[in-house]
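The chains carry the letters A, B, C, D, E and F, assigned in the order they are written, with residues numbered from 1 in each.
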Amino acid sequence: MPDFALFAGSANPQLAQAIADRLGVQLACCEVQRFPDGEVSVELTESVRRRDVFIVQPTSPPVDRHLVELLAFADACRRASAERVIAVVPYFGYSRSDKRVRRRQPIGAAMVASLFQAVGIAHLVVVDIHTPQTEGFFTIPVESLTAIPLLAGALRDRLPRDAVVVSPDAGRVASTTAFANELELPVVVLHKKRESARQTTVTHIVGDVEGRACLLIDDMISTGGTIAESIAALREHGANREIFVAATHGLFLENAREKLHDATEIFVTDSVAQSWDRVNVVSIAGLLADAIQRV
Amino acid sequence: MPDFALFAGSANPQLAQAIADRLGVQLACCEVQRFPDGEVSVELTESVRRRDVFIVQPTSPPVDRHLVELLAFADACRRASAERVIAVVPYFGYSRSDKRVRRRQPIGAAMVASLFQAVGIAHLVVVDIHTPQTEGFFTIPVESLTAIPLLAGALRDRLPRDAVVVSPDAGRVASTTAFANELELPVVVLHKKRESARQTTVTHIVGDVEGRACLLIDDMISTGGTIAESIAALREHGANREIFVAATHGLFLENAREKLHDATEIFVTDSVAQSWDRVNVVSIAGLLADAIQRV
Amino acid sequence: MPDFALFAGSANPQLAQAIADRLGVQLACCEVQRFPDGEVSVELTESVRRRDVFIVQPTSPPVDRHLVELLAFADACRRASAERVIAVVPYFGYSRSDKRVRRRQPIGAAMVASLFQAVGIAHLVVVDIHTPQTEGFFTIPVESLTAIPLLAGALRDRLPRDAVVVSPDAGRVASTTAFANELELPVVVLHKKRESARQTTVTHIVGDVEGRACLLIDDMISTGGTIAESIAALREHGANREIFVAATHGLFLENAREKLHDATEIFVTDSVAQSWDRVNVVSIAGLLADAIQRV
Amino acid sequence: MPDFALFAGSANPQLAQAIADRLGVQLACCEVQRFPDGEVSVELTESVRRRDVFIVQPTSPPVDRHLVELLAFADACRRASAERVIAVVPYFGYSRSDKRVRRRQPIGAAMVASLFQAVGIAHLVVVDIHTPQTEGFFTIPVESLTAIPLLAGALRDRLPRDAVVVSPDAGRVASTTAFANELELPVVVLHKKRESARQTTVTHIVGDVEGRACLLIDDMISTGGTIAESIAALREHGANREIFVAATHGLFLENAREKLHDATEIFVTDSVAQSWDRVNVVSIAGLLADAIQRV
Amino acid sequence: MPDFALFAGSANPQLAQAIADRLGVQLACCEVQRFPDGEVSVELTESVRRRDVFIVQPTSPPVDRHLVELLAFADACRRASAERVIAVVPYFGYSRSDKRVRRRQPIGAAMVASLFQAVGIAHLVVVDIHTPQTEGFFTIPVESLTAIPLLAGALRDRLPRDAVVVSPDAGRVASTTAFANELELPVVVLHKKRESARQTTVTHIVGDVEGRACLLIDDMISTGGTIAESIAALREHGANREIFVAATHGLFLENAREKLHDATEIFVTDSVAQSWDRVNVVSIAGLLADAIQRV
Amino acid sequence: MPDFALFAGSANPQLAQAIADRLGVQLACCEVQRFPDGEVSVELTESVRRRDVFIVQPTSPPVDRHLVELLAFADACRRASAERVIAVVPYFGYSRSDKRVRRRQPIGAAMVASLFQAVGIAHLVVVDIHTPQTEGFFTIPVESLTAIPLLAGALRDRLPRDAVVVSPDAGRVASTTAFANELELPVVVLHKKRESARQTTVTHIVGDVEGRACLLIDDMISTGGTIAESIAALREHGANREIFVAATHGLFLENAREKLHDATEIFVTDSVAQSWDRVNVVSIAGLLADAIQRV
């Protein structure tokens, strides 16, 4: 029995398995069930006493179910005398709720941080979290990993020499630049104006896209709206060649698949379980396995 | 503007409205939405500054969604300077997870208690919670109400004079006796043996049911299995007349409606929103309104 | 010096010594004294720095003295840089105060849980605690042991083949069944009605006791009232042979010895120090030594 | 019903009654009982909902019983939705355990502070606590009162004009000086050398006592040893007239009454219930009533 | 005596006085001194018992002194039974340390949040804090005010009709847009590339500045480097008319005054005490007075 | 890489280096800088993951800067997954603020204790802290070391045989006696009367100093006022020979050097960095190295 235990929550068992394979260990045994009323039931079927416990559980949709399951896991581990409970949450749900837009709202990510700490989670591993400030919501150590080098590596041979790397808005410039540096390509930034809660228009493009291939970057693809709109704007400004899309987290909700029809190729990681055969999936299992080894 | 605010979560707005009507106040304004990825978004659209805030939200199925929504509500209230946040949770999800059956399990209800306290809930109102020990999971005050007198009141004129009040197992004797005392009827107790995780058999009946009308009591009806099995046992032991069923919380999950076809009449409260027209619904709005007034 | 230290509080040094013998270690050195004003003074006379510390201290009567002594021990350990403080509390005082019977009462066991956690106790070992829900009062891990197999082992050769195992009321059916399963004997349940705060009467007996030897089970014997009353009821219902009594915790308070004169044999453990030569004492030292080894 | 409730613990109900009389209120109703096993049972028999609750309970011997009773009171109040729980502890047990004399000891007073805060006590009122640093053990507000002006007032007419005020050791100079200032008399300080754990000898007397009447001051009289020894030293140095003794807290443990036979008159307060008719009791009821009014 | 007390820390007593004047109250009395060793000494010379206490103290340079003084104030208030302690910190030191740039760094703002909460600060009022996510570092309510409308009001009549509002980098677009909306002027965004830790270059200008008057916006002016560099870039791109500068917080450290010589006019608020006669100071006293009234 | 890391804060890097030398390790790498606005920036440039981290930082003047730097260090360590953070604070700033002298003051040392615990400091090492009660302000273990044997060792050969050891007031008798015992010399105690906040007069001298050499003892020398006054009093009472002065902590603030001109020799430790060539500096590096080894 190794001195740590790696458990797979129900959100992404394939990723957990891949991490275990990388580490050369077996996944620890547990049973996660739902009662007829939907209450989650977790049972660890091997001892965790004085062992470090890693629980791999992205809090992807259905977010609340995955979140509460993770909390229940942690509670079970704590009561079973685990040495430390480390949550491996490659996709961190509620991460975009990092501030109050209007007064009298919750701060979802800060609330989740409180919940994690309330059940005794002692350490957190995340990948490309939406805002770097999120770490400050925690007093426990947060291992903030990035899949950018991995995605860049997968893209390197696919991209034409003259491609540009595009940030879909001013807020994504930092990670777009990280991508561009990895690929040694120039950065282009779209500027947007918010028309309404759900509607924005691209008003400026900083950098030249005419006749260039583009690589559109985002941390996550939810319904694909932002990406679709950015593609349209790039097309309008003369980007008449391939448009690649890369994001760490691919949720592809609602009619995302349809909206993204004009993307040449789409690259995401397996932070969230992927089933769409059109996307190129870059595995972060090695990245997470390394982090687990370090921790 | 009254000095308290009463909000309706999305789990049972009808009950919240009924409570507001009893109190002669308007429900406080808020917007609860779900993003495409299922993350909940709460906005209080009126001030709660220095007011006591009551949030009416049974954590009925889908339990994790209703639970996280309640936590988000509390976080919003706390950040908006509410004086105190009082959760009114007539049906308390995870209440049956009050101990570890096997080692290395969570204690769901204790975990939920930690979550409530982590987001600053300062007071809790519950109705006929599964185990009285649950109060000890909290350090905040818990207002434990019972709907038994209300249900007994509604049953009083319906029951034949010679009816008996039946506890479906040894663990429910206390609340069955409370019912029986209200109705001045004798108690009968079924004894069961657990055959397997999902299968139990009635082995003894303490008390006489032959030729008697029966009132079967439970705190909640989930899939109706316990009740259906108890009815069968009563029938076998000669209970050949009406069999009434009363429970505080009616979930009616899976094929519960079918399983309960042999029940003469079913009485539940509106702790959980009810839509089955075969059940008699006794409202606990007044009970909760009184509690809110006291608090 | 082993990597853990085992201290004996003043409540049951014999048991602590027996555990140490089983573990093949010496009890760690300490001095526990009382000042003239009754304040407890604890001094650890050997180093506990970075060692796991086990303190054996049932909180038996005088309960408050033993409780505060344990808390003082924990405070001393914490200030002396103990790695972890593990309280070994085979008999857990205030465990019957697990819910509010009337409003505006404390929940004694939950309060004690808060006190334990306030002085930094990191782990708890208990034996046959009154209610399994008590674990939920703690966020620290609780090792819940049972002496039932040990007691059953000691009884096995003493009991006639046709004996029955009797639960003194509906609330003790679970542990009685555990006993009966160990001994492969049938279960009998007494049903009681509470006449007043201190007075109950047996109203039904589920199962046949006529002409049978009986084994009466309870988790603890305090003043012996419940047991005496149950024996009388069994006699009335024709149990005219031996009546054995077994309980994990034997306090024998007030005139318990007198009340139990009609019991054929009495079996208890040494969770509480025993001095009555009429009882058969089954030692739980091995059970606790195993638990300590695991922890 | 006033907006606060004043409860009497069992340690000093006379003092609680005297405070209530001063405040012109009735003591709030409660029942404090002990089960046969010595566990305390507290029931508040009137509502404390949203009221400030004052519990009068010196933690005098038997100190652990009085302490746990106070904690149980606080737990009951908190669960019953008291607005704030204020402990009125005129004599604070364990106050002399304010530092570690040897390593690997608890700090009793700091531990008690943790316990108070763990059960939700929000405010503390004490009288002439042994060390002023004790306040720092708490994060809640501590109302530190002194009975010195009251005692001085009672002594003023009894003392001869030429009396001196004597501190029994270098550590009590501050409160002795406070007394002396009230009485406009000179200070004398005894210097001691500790011979062993229980034995000290007076080595110097700072100031002149020859032919003078003396007033010996201490914060508390426990077994009277310090005082007896100081009287002997004063006699040796020529203090051949009356020797008065004044202390805030009079415990008179063991053979204190005998040891103090050579004291001319003894003055203490009713912080601890007094039954010895030789002492002059100065009531602090008014002092505490004023503090309660302020709080 | 009003039911709240408004104290002035030593960082900006003029602002505190101006707030008091607006509220029509007197500043509460206190003495803040420094011992020869630099330790701060705070004494509240009027009662704060059960009153809400507001402490006005921007944590401007010398930041650590002002910070510790504020914490000491809060500790004094808590021990003196203040109802709630509200920190009014118009300039929040360490606010730019909101994330880890390199691993193994502190998050200064999150650390300060922990300190605030550790001494019992119950509510915080800030003005134009550097990052909106900072609120999530707190579990206490944070009143986030903005001085943008006030600054815009002061600028409105000064600015030429054809002016543009300039964001010095992509991260300041949100507040620049807020300014522009107030003034109904277009937004221009500078894009920068970081050359080294202390050196950045402007690479693009989004929007047209040629021949236009400019209003450069930032949340704070520290050494003036960012502003100076932006002015130079604007000049290079043809902005050959007035360049106004507006920021909420004006620290003017090192040779800031010199660096800003080319700015036409500078507008800041009195969040930090101002002594430079070249700047136009817009008072936020009214803004804070309103917030205090609301709280 | 050893399994612990020893960091030097900026307050006394020489001492940290001396400790490292004693332990035969290298100081761990870090960069501590101040931004132009005075905010501290800490970066650990080597990994502390799962290592015990010791930070050597006396909180000497400028006390608030050194204090906040230490807190920032601890925050960085916690976020970087240090196993335990141990603060080595040989001189503990605010230690004299250990009680409230007047009501409505902070208790500085208790506040600092809260701050330490809020940022996750798990253990504290101090030397000759002003009051032993200070330990009770913490719930973490406090290693209280004393430099008295080291100072006494350095003095032993310097002192004439007939010297006396002098306590400057009644509050320092305990440490003076410890010194005297080490040196086998008699104790003399000065008695003082406080004339005003800053002015005291010596009223009595307990013990004989005429014609004797004296060793004046204090825990710290701040501005030298107490010492200067004591020397004057000793001179007045006939101490016409050498007067040695020894203290653990030498701050020498304001015109301390001048005030101490009449001292024959001055001995202090390097708990605070020393630059005055008139003092004899006794290093506590070995003492601290031993403590670190133990921890």
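Heads up, the rule we're going with is that a contact is a pair of C-beta atoms (placed from the backbone, for glycine too) under 8 Å apart; a residue touches a chain by one contact, two chains touch by 3 or more.
This is a predicted model, so every value here is computed, not measured.
Engineer: Enumerate, in label order, the chains that touch subunit D and subunit F alike.
Structural biologist: C, E
Engineer: Under the document's definition of touching, what chains do subunit A and subunit D have as common neighbours?
Structural biologist: Where subunit A and subunit D share a partner, that partner set is B, C, E, F.
Engineer: Please find the path from subunit B to subunit F through touching chains that uses the fewest steps, and give that number.
Structural biologist: Counted as steps through touching chains, the separation is 2.
Engineer: Could you classify the subunit E-subunit F contact as same or different, where same means more than half of all interface residue numbers appear on both copies?
Structural biologist: Answer same: the two copies use largely identical residue numbers here.
Engineer: Using CA atom averages as chain centres, what separation in Å is found between subunit A and subunit C?
Structural biologist: 50
Engineer: Taking each chain's centre as its mean C-alpha position, how far apart are subunit C and subunit E in Å?
Structural biologist: 62
Engineer: Taking the mean of the C-alpha atoms as each chain's centre, how many Å separate subunit C from subunit D?
Structural biologist: 38
Engineer: Can you pull out the residues of subunit A that are in contact with at least two other chains?
Structural biologist: Subunit A, residues with two or more chain partners: 79-80, 100, 107, 110, 114, 135, 139.
Engineer: Throw together a list of every chain pair that touches.
Structural biologist: Chain-chain contacts present: A-B, A-C, A-E, A-F, B-C, B-D, B-E, C-D, C-F, D-E, D-F, E-F.
Engineer: What does subunit B use to touch subunit D in their complex?
Structural biologist: These residues of subunit B touch subunit D: 123, 135, 139, 141-143, 294-295.
Engineer: In the complex, go through subunit C and note every residue touching subunit B.
Structural biologist: 98-100, 107, 109-110, 113-114, 131-137, 139, 144, 170-171, 173, 189, 191, 204, 206-207
Engineer: Going by the contact rule set out above, which residues of subunit C touch subunit F in the complex?
Structural biologist: 49, 78-81, 120
Engineer: Using the touch rule from the top, collect the residues of subunit A that touch subunit B in their complex.
Structural biologist: Answer in residue numbers: 35-45, 47-48, 60-65, 67-69, 71-73, 75-76, 79-80, 93-94, 96-97, 100, 102-108, 110-111, 114-115, 117-119, 222-223, 251, 253-254.
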